[in-house]
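After this come two complexes, each holding chain A, first together with chain B and then together with chain C.
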Partner chain A sequence: MQLTLEFGGGLELLCESVKIHEVTVDLEAEETKLTMKQLLSWVRTNLIKERPEMFMKGDTVRPGVLVLVNDCDWELSGQLETMLEDKDVVVFISTLHGG
Partner chain B sequence: MASEVAEETPKPRGGRFCTLCNARRAALKRPKTLEQICKECFYEVFEDEIHRVIVDNNLFRRGERVAIGASGGKDSTVLAYVLSELNRRHDYGLDLFLLSVDEGITGYRDDSLETVKRNEIQYGLPLKVVSYKQLYGWTMDEIVKLIGLKNNCTFCGVFRRQALDRGATLLKVDKLVTGHNADDIAETVLLNILRGDIARLSRCTFITTGEDGPIPRCKPFKYTYEKEIRNLTSASSWWRIYSPNAYRGFAREFIKDLERLRPRAILDIIKSGEDFRISTTTKMPEQGNCERCGYISSQKWCKACVLLEGLNRGLPKMGIGRSRGIDNERNKDVKETNGTKSLESKQCGSLDF
Partner chain C sequence: MDSGGERLTASEIHTELASLQTAKAAIDERISTLESLLKNITTEDESETASSTPAAAETPLTGQLTADMIYRYSRHLLLPSFGVEAQSNLLNSSVLVIGAGGLGSPALLYLAACGFGRVGIVDHDVVELNNLHRQIIHTEAYIGRSKVESAAATCRAINSTVRIVEHKEAFRTSNALDIMKKYDIVVDATDNAPSRYMISDCCVVLGKPLISGAALGLEGQLTVYNYNGGPCYRCLFPTPPPTTACQRCADSGVLGVVPGIIGCLQALEAIKVAGAVGEPLSGRMLLLDALSARIRIVKIRGRSLQCEACGENAPMTEEQFRNFDYEKFTQSPLSTSPLKLDLLPEDARITSKEYYEKNIKGEAHVLIDVRPAHHYKIISLPNSLNIPLSSLEQRLSEISEALGRKEESASLYVVCRRGNDSQRAVQYLRGAGFNLAKDIIGGLESWAHDVDPKFPTY
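And then the complex of A and B:
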C-alpha cells in the first residue's frame, strides 16, 4: 500500500529532517486494509530515527500531536481504528513546541 | 471515541457532514464544543470568536498603534492574519505593526524571520526586528558559548520579554499583542500554582496586563485552543533548538493529556485561575522599577540586568537558579527587611506573562 506521510511542527526532526515521505507499507497476507494503529507501529519502526517518545506514548501518538487523514482530523475517523487505503495522505503535526 | 464515528458511515472515513452548514464534510472536531465542522465553517467561527473576544473585552481603541509580537511561529502568524483581517472587516481603525526579536541563534530564526517577512508582505504590515545584540550586546550563540546548553533558556526568556517591550517602545505603539493561546495560559496557571507564585497566578489569566505601565499587553487568543490554531496553519517548523524547558514541558504534556480525556479541561483551568481569590493578608511583592534600566521589576535590578551583569563580569551563573540555603536565607531576609526590595530574591521574567 502506498501512502504519503507528512511530519511537521518539529516531528520531521525525528526522521532525518525529511518532512514528506512517500512510503510503501507491506500488508500482512490476506489483509487489504491497514489501520492507523498498524501504521503507527510501522512508522515507529521504519521512519523514526531518534527520540520515539516525542512521537508516541503507549500505542498511540503523544498527546499534542495532531493527526490528519486526508486533511481530516483523525478524531472524526476513529483514531487508531481508522482504516487507511492506497494513496491516502497522513499528516502528523506536533503542537507541543513553539508558538 | 471510535464507536461514535464508526456507525452509519457510507464512505469508510469522515462520512459525517458539518453540523453548521450541513453541506460539506466535517474535517475537525471543536475541542470547546465537540461540534464536528468543515474547514470553511471553522475559519468563519474562529474569526467571529476572536472578534467577540476583542469587542467584549474592549481590547483596542480606535486609532491605536498596536504591535503584534511576531515569532514566525504558528500562533503569531495566525494572530497577524486574523487581526489584519478583522481590522479591515470590522473597521477597528488600528495601525498594526509586526515586531520580531532576533535572539542571534545561528540557523534558528532564519526560517522564522523569513515567515515574518512573508507576513509583512502578505498582510501589508510594517515589520521591526530587534536583536539581542543591539539591545544587550550579546547574541544567544555567544551566551551559549559561555554558559553551555543548560540554563540558556533563562537568558533567552528573560531577554525576550524585555526585547518585545523595548521594541514596542521604539515603534511608539500604544499596545502589544501576543499570540499566547488557551493552552499556554492553562499551563502558566498550573506552573504558577506549582511554584507558589501567587502574584503571577493572579496576573497570568488577565487578558490585558500592564495597563498601568507604558505599554499594555494583551492576548486575543486567551480562549483559543492551540489545536485550533494549528488547524489553521500548514506545518511550520518552529522548534526550540537549545534545551527545552523541562518543567514547563512537563506541565504542557500534562495539559495535553487532560485535553485528550476532557477537552474542556483547558478552559476550566483558566477559569480556576481567574477565580482564585488571594487572601488579603498575603504579602504581595511590590512592583517597582529597575534601578539600572528602568524596566518594571519587583527587585532592585530587573532579571535581565542581573543576568547581563553576570555575563559581563564573566560570572554567567549569577542570577540562575537558587539553592535551598540561599532560598531560606532569602525568606529570612525578606521578613526582616519587611518588604524592601533585595537583589536576587525572586526570579523575574522567566515566564512570558
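And then the complex of A and C:
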C-alpha cells in the first residue's frame, strides 16, 4: 500500500529532518487494509531514527502530537482503528508553543 | 569623517564611547521616568475631562459613525461583505492580546489600526535587541524598556482614537480572571505551554473566544478555540507534552516573518469574530510551512464531552482555575527564563574567569565546545574543538587524540552556550573514563559577562 507520510512541528528531526516520506507498506497476507495502529508501529520501526519516545507513548502517539488522515483529525475517524487506503496522506505534527 | 583634525587612538575612542554610553543610559532612564510621570498626569487629566477629547467629543448618533471614523475606515466600509455594520461591531468590541512579542507585534498593529474600541496588552518583559528582527512593533529607542509601553506607544501613534490599556504584568492565575473579564476576545500570543493551557482555561471559565497562534523555526499554527460550541485547547491536548518537546525561539530560532504571518492571521480571525463576518477558523487548524511555501487547513475534532475544562459534566469554575498549578501540570515554567541545571559536583566545574586565568598561564588543556555545529559557526572561543553533544558518544576518540597531543597532565574542559549541555557532557565523559573533565559554569554567556564583554552573545 502506498502512503504519503508527513512530519512537522519538529517531529521531522526524528527522521533525519525529512518532512515528506513516500512509502510502501507491505500488508500482512490476506489483509487488504491497514489500521493506524499498524502504521504507527511500522513508522516507529522504519522511519524514526532517534528518540522514539518523542514520537510514541505506549501504542499511540505521545501527548502534543496531532495525527491527520487526509487533512482530518484522526479523532474523527477512529484514532488507532482508522482504516487506511492506498494513496492516503497521513500527517504527524507536534503542537508548537513558541511566539 | 575628519572632525576638525582630531586624532584619537582606538583606546581613547573606546574610553570616550564607554563614558558617553553610560551618560546616555542615565539620560534614557530619566526620560523614561519623566515620560511615565507625565503619562500618569495626562491620564488623570483625561479621566477628569474625558468628554473634551476630540474623538469622544464628536459623539455619533446611535448606530452611526462620526465623520472622522467614516474617513479613517472608509476602505472597510466600501467592502460590501464588511461595511458599516461590521465596522460598528469592531468599534464596540474589545480585544486582549497576551504577549507583545513575535505574534503580538503584528497582531496589535492591525488590531489598533482597524478600529477595535479597546485593545489591552499584557506582557511583563522588556524589549531586547534580539527581539527586533520579528517583534516589529518595537523600535531601537525602546530597548531596555517595557514591551507593553513600547507596543502601546506604537498603537497610539497609529490610531489615537482606540483606547489602549497597558497591563505591565505577567499573566497569572491570580490576575487572569480580573484582566480578561474586561474584554470580548482574547488573542494568545504567548510562547510557552503552561500559558497556553492557562489562557484557554480562563477563556472557557469566562466564555471568551480565543484566537490562538504559535510559531517556531519555519512553521506556524493557528486556530480559534472556545468559539460557538467549538473545542478548547484541552479538548485537543488533554495531556501536556513532555517538556523536551517544548522548544523555545531562544533555543531553536525562528524566522522573523513566520510569527509575523501567524500574528496577522490572528488579527484577521479576531476581526472576523468581533465583526461577526465570515467563518472563523474554529474546528479547523491552519498549518504553515514557510520553507516549502505550503499552507494546509485541516479539520480538527469538536468539543470533547470529557474535557476537563469545558466538558459537559464538570466545566471548570473560577475557583478551580485560580487554584490550578499550570507549571506543575506542564512541568515547565510560565516565564521563559532558560533552564539552569546543576548536575555536577563542585570539583567538576570551573568558572569562566578561572578558565581565562588558566589559559593566560598557558596551562595545557583541551577545550571541547559541545554546541551544535551551526551555533559553533556563529562564534566560538579560540582553540576550541567542536564536538556537538549529540555526537559526543561516537567521537570520544577525537578527544583522546587531542589530549594525546598535549602533555600528560593536560586538563579537559567543556563549554556550551549557557552551561547546561556542558554539564551533561561532563557527566557522560566522566562515566566514559575522562575522570578529570570539567565544565565551564554558565558557558559562553558567562565568558561574555565575566571575562570578555565584547564577546558576542546570541
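The rule is short, and it goes like this: the second predicted complex is superposed on the first by the 95 of 99 C-alpha atoms of A that agree within 3 Å, B and C clash if a C-alpha of one lies under 4 Å from a C-alpha of the other, contacts with A are read in each partner's own complex, and residues count from 1 in each chain.
Here is the rule we use: a contact is a pair of C-beta atoms (placed from the backbone, for glycine too) under 8 Å apart; a residue touches a chain by one contact, two chains touch by 3 or more.
Model, not experiment: these values are computed from the prediction.
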{"item": "Chain A as common anchor, with chain B and chain C clashing or fitting", "value": "clash"}
{"item": "First (chain B), second (chain C), both or neither touched by A:I93", "value": "both"}
{"item": "Touching partner for A:G64 - first (chain B), second (chain C), both, neither", "value": "both"}
{"item": "Chain A: partner with more touched residues, chain B or chain C", "value": "B"}
{"item": "Chain B versus chain C as contact partner of A:S77, first or second or both or neither", "value": "first"}
{"item": "First, second, both or neither for A:K19, with chain B first and chain C second", "value": "both"}
{"item": "Partner chain(s) touched by A:E85 [first = chain B, second = chain C, both, neither]", "value": "first"}
{"item": "Chain B versus chain C as contact partner of A:G8, first or second or both or neither", "value": "both"}
{"item": "From 76-84, 328-336, 382-390 or 400-408, the chain C stretch with C-alpha clashes against chain B", "value": "328-336"}
{"item": "Footprint overlap on chain A, comparing chain B with chain C", "value": "8-10, 19, 62-64, 66, 71-73, 75-76, 91, 93, 95-99"}
{"item": "Sites on chain B touched by chain A in the complex", "value": "1-2, 5-6, 12-14, 16, 25-29, 36, 39, 71, 73-76, 179-181, 183-184, 226-227, 230-231, 234-240, 244, 249, 252-253, 256-257, 259-260"}
{"item": "Residue numbers on chain A that touch chain C, as the complex places them", "value": "8-10, 19, 53-54, 62-66, 68, 71-73, 75-76, 91, 93-99"}
{"item": "Sites on chain C touched by chain A in the complex", "value": "99, 101-104, 189-193, 196, 213-217, 219-221, 236-242, 244-249, 252, 254, 259, 285, 287, 289, 292, 296-301"}
{"item": "Chain B contact footprint on chain A (complex, rising order)", "value": "6-10, 12-13, 19, 62-64, 66, 69-73, 75-83, 85, 91, 93, 95-99"}
